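For clarity, chains are labelled A, B and C in written order, and residue numbers in each chain start from 1.
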Amino acid sequence: MSGKLRPTILAVLLVAMAAMVIAALRPPEKPDGRTVLTWLVPMQLDRPLLEKLAKQFGEQNPDIHLRMTFVPGAQYQTKLKTLIASGHPPDLFYAGDVWVAYYRPFLLDLTPFFERDAAEIDLDDIYPAVLAACRTDGQYLFTPRWFSVALLYYNRTIFDEAKEAYPTADWTWDEYLAAAKRLTRPASAGKPAVWGSQIVTGWWGEWLTLVRQAGGELFDADMKRCTLDEPEAIRGMMFYIEKVRRHRVSPAPGRGPDGGFASGQLAMELVGHTGNWTQFNQIGLNWDIALLPAGPTEKNRSEVAIDAVGASNQTKHPEACWRFFKFIMSKPSIRAHVDAGYLSIRKSVAEQTLLAPGYLKHPQHAAVAYEALAISDHGAHSPDFIEIVREVIQPEIDRALADDRDLNESDRLAAVTAACRRAATAANDFIQTLGTERRQDGSGIPAKR
Amino acid sequence: MNRERSSIFSRVTIYALLLGGAVAMLLPLVWMVLTSFKSFEEVLASPPVWLPKRIRWENYREALTTFDFIRYFANSTLVAAVNIAGTLVSCSLAAYAFARLPARGSKLLFALLLSTTMLPAQVTVIPLFSWFSALGLVNTFTPLMLPAWLGTNVFAIFLLRQFFVAIPKDFAEAARVDGASELRILFSVYLPLSKPALLTIAVFTFLGSWNDLWGPLLYLHDESKYTLPIALLNFVGLAGQARGSPWHLVMAVSTVMMLPVVVIFFLAQRRFIEGIAASGIKA
Amino acid sequence: MAQASRRSGESVWFWILVAPAVLGFLAFNLGPMIESLYLSFTKYDVISPPQYIGVRNYTYLIFNDPAFWPSVIVTAVFAAVSVPLGLISALGVALLLNRKVAGQGVFRTIYFLPSLLPATASGVVWVFIFHPTFGLLNRLLYFVGIEGPAWTQSVTWALPALIIMSLWGFGQPMVIFLAGLQDVPDSLYEAADLDGASRWQQFRNVTLPLITPVLFFNLVMGLIGALKVFDSAYVFGSTSGVGPGGPARATLFYALNLYQKAFSYFHMGLASAMAWLLFLAILALTAFNFWLGKRWVHSE
């Protein structure tokens, strides 16, 4: 580099950097006298919807300014708790029934508001199962936006090509497994492999549902003991693992198509998430839904999870927060949610849209989602649920799933039993030492419905 | 005769090995750039498509507008610039003091400072986080920029001290006779003579700050404050993509993120490598 | 008289000029170190004040925590494999570069560059290379007829993948080796030549002993660095779709485990205990290296 060129380049770089720095230091918008509500939003697919709704809310409520901060989903819980810990909690934040036990000490009790304005929000219009999931020990702790239920997803194109009958509400695990076996085929000339069923790894959605369908449960009624090592739970876990290792209807971890069910190479998926519906339709997948196949105990044909918003119990503007909640639960807002591809929590909106024949091309049987909602169970959770499942139990399940030895059935059962025992022991150790203690008011551990 | 032939043979072997190794070293980067010019279908295609059919510059435009890239770039730059300034200032002061100002406790203090290099960040991070949190400084840039201004870069102090010690004392004598203060001597005599060291430190500090994931992960919470490393990770894991991460765009962002490092390295490499070598030899 | 006042003047200036560094030392090193030692004996989640619980954090880690020993093993295995391999590669390349080949500068740049790149960006590129379906590595293996493993999503191959990736960045030790090699006087080689020593003998008896100081430096730095690995582990874990520790904790490095416990789940006291155990391990390992080094490191 010649002597003159180098300083010039450096100078140019410095000027460019300075320009960008100045651009970055734009001052935040001034609220000028309005009530400011801070809303910490996890970055998900519904971002455009939320921004649109926030704008509408601002137009209808000019005295409130909604300041939204978007945080990537994976770091959301950390950021939220950090903000709470530093004494600057956001007024509004994502909540749901899975996280409620964790956040209970910080959530504003909305029950007085719900009771006071029940007529105004037309509380009866909201599905009872949804409302029940929003209550913890009788208290409303968050406001629902949309919900997901556990369903059986199936790819009609694959079924049609194999001339298989579609799943029905009478299916049990046996029919599901049999169909999956018939539908699995290896890659052939020009066509990629097709698997009978997806297997969801790294998240408790599928294996925990199967455990419950077999009559097992993760914790005992007091949430003080992990019961994953009991025979029913192990039976559910075996079904999960055998899909990959014995019946070979599901791909091993890392071997499946990227994008899962959306790839079009998986005939079925258990549990799933209704938030994916838009995606499936965007890529033109030919799919439908059915009730989950019944397990040995016929229980747990579905589970519900609510996507909701809660308010901080340290907010200085509870009434303003409630106005926002009323807006977000209102019929126009729920209609906007449906238009964006989410399930309606309101009967009236659902009847006009999802339940109206021909409204949605896929899934043709959208009504099944509401049948599932009606019979869904709602799992109660301890505040340490997430940590125990993710850090203590999931690694054992990963390992059991990755075990690709050619084992016969009883050896496999022994291996899975051992894994469940290790997981349960570690979970119990955790509960004894690091477990969140119950508080005087019983918060920290919600009672079963 | 024999020696010459074996020396040609050995030369060829050496070249072959070096070349092979160089190819292996560069392959990931080449692959990254190639992928950044492909379409998503070409990335996923099986059988594999090695070269893109045409160079898709629009990938860069798409990637850089999908998220607020300019802002993240600016944030990274801001933090790096402030860190460089802080390090140069506070470490020059300390290095000069250690090199030229005798005082009781100087050796002990220097040894203490050197020993902090053994202390892993994990030990200090939790109390620091809790203190910054109590001060309301979480979700600001301050925790990322303040330590540099308080001489925490011991390597910089060490390197500058080496340089200063090597400068003959009588250079400063003239200025001292004229009544110049210590600060003036530092600025007008020592610093100008230590440009290689200063450059090395500036480059090191830039790299440390530009590449830092740990600090931003802990302290920066809303996306308007993100720096590039976090932004890149979030981009990869963007929720709900039917076909998995958009690798062609991810590679484009990675390329852009690596570019300043490569450019600065090429501009300053000779000094820089001398600096590293010096740290290893004299340690 | 003038001298004495000048000396005390210098002393005052000394303390003024080092004041920022002293403040930094107290605020960012000594202070937090003491506080974190205290916290390691408490239960603390930042929201409520710390609660003293004695050594229960330490006993939980050592006897009950299912993640502690796996993270120790992952880190130890990584260190034991990647550090020697990295040093051998670095030394090998440095030896080649030391031969006064043309284009030495270019080669040196190419070998050194990867170690400077942001770990996040490099990590992402390597995760892409390791992708089970369309990653470069598995595609190349396919041409040779091997079905590559699921790398970052495989329980057995995630850590090897990370080790391979870390070897890419051996540039820093290489540069230091090169400098050390260049310090070896040519006269020694000439003398050995005259004695009829072969290349290999020259290496063993001239080169190797004289570069033991830089070898020692690289070894100690490499080991300490390996014990503190975080960035690449975090990138691998968060892009594997399984969770930060990788499948079945395959890439749950010690520093990552600590970060999770502290900042995902707010077990600050427990994490502080982990931090102190790490610190003690580093001290012990370094002390051991220094003691051992007396035997094999050549000193002037």
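Assume a residue touches a chain if its C-beta (ideal position, glycine included) is under 8 Å from a C-beta of that chain, and two chains touch if they have at least 3 such contacts.
None of these values were measured; they are calculated from a predicted model.
Undergrad: Excluding chain A, which sets of chains remain joined through contacts?
TA: Once chain A is set aside, the chains that still touch form a single connected piece.
Undergrad: Which interface, named by its two chains, has the most contact pairs?
TA: Pair with the most C-beta pairs in contact: B-C.
Undergrad: As a quick test, compute the distance in whole Å between the mean CA positions of chain A and chain B.
TA: Using C-alpha averages as centres, the distance is 39 Å.
Undergrad: Centroid from C-alpha atoms only, then distance chain A to chain C, rounded to Å. What do you get?
TA: Taking the average C-alpha coordinate of chain A and of chain C, the gap between them is 38 Å.
Undergrad: Where the centres are mean C-alpha positions, what is the separation of chain B from chain C, in Å?
TA: Centre separation, chain B to chain C: 16 Å.
Undergrad: Which parts of chain C, given as residue numbers and ranges, touch two or more other chains?
TA: Each of 46, 133, 238, 263 in chain C touches at least two other chains.
Undergrad: Quick one: which residues in chain B touch 2 or more of the other chains?
TA: Correct list: 44, 133, 217, 237.
Undergrad: Could you say which residues in chain A touch two or more other chains, in rising order?
TA: In chain A, 74, 82, 85-86, 258 touch at least two other chains.
Undergrad: Please output the residues of chain A touching chain B within their complex, sorted ascending.
TA: 1, 6, 9-10, 13, 17, 20-21, 23-25, 43-45, 69-75, 79, 82-83, 85-88, 258-259, 262-263, 275-276, 279-280, 282-283
Undergrad: Which stretch or stretches of chain B touch chain C in the complex?
TA: 11, 14-15, 17-18, 21-22, 25-29, 31-32, 35, 43-46, 48, 90-91, 93-94, 96-98, 101-104, 106, 109, 112-113, 116, 118-131, 133, 147, 149-152, 157, 182-183, 207, 210-211, 213-214, 217-218, 228-230, 232-233, 236-237, 245, 247, 250-251, 254, 257-258, 261-262, 265-266, 269, 273, 276-281, 283
Undergrad: With touch defined as at the start, can you tell me which chain C residues reach chain B in the complex?
TA: Against chain B, chain C makes touches at 7, 10-11, 13-15, 17-18, 20-25, 27-29, 31-33, 35-36, 39, 44, 46, 93, 96-97, 99, 101, 107-114, 116-122, 124-129, 131, 133-134, 136, 139, 168, 172, 175-176, 178-180, 183, 213-214, 217-218, 224, 227-228, 230-231, 234-235, 238-239, 255, 258, 262-263, 268, 271-272, 274-276, 278-279, 282-283, 286.
Undergrad: In the complex formed with chain C, which residues of chain A make contact?
TA: On the chain A side, the touching residues are 74, 77-78, 81-82, 84-86, 201-202, 252-255, 257-258, 387, 390-392, 394-396, 398-399, 402, 422, 426, 429-430, 433-434.
Undergrad: For chain C, which residues are in contact with chain A within the complex?
TA: 45-47, 56, 60, 64-67, 70, 132-133, 149-156, 238, 241-243, 245, 247-249, 260, 263-267, 270
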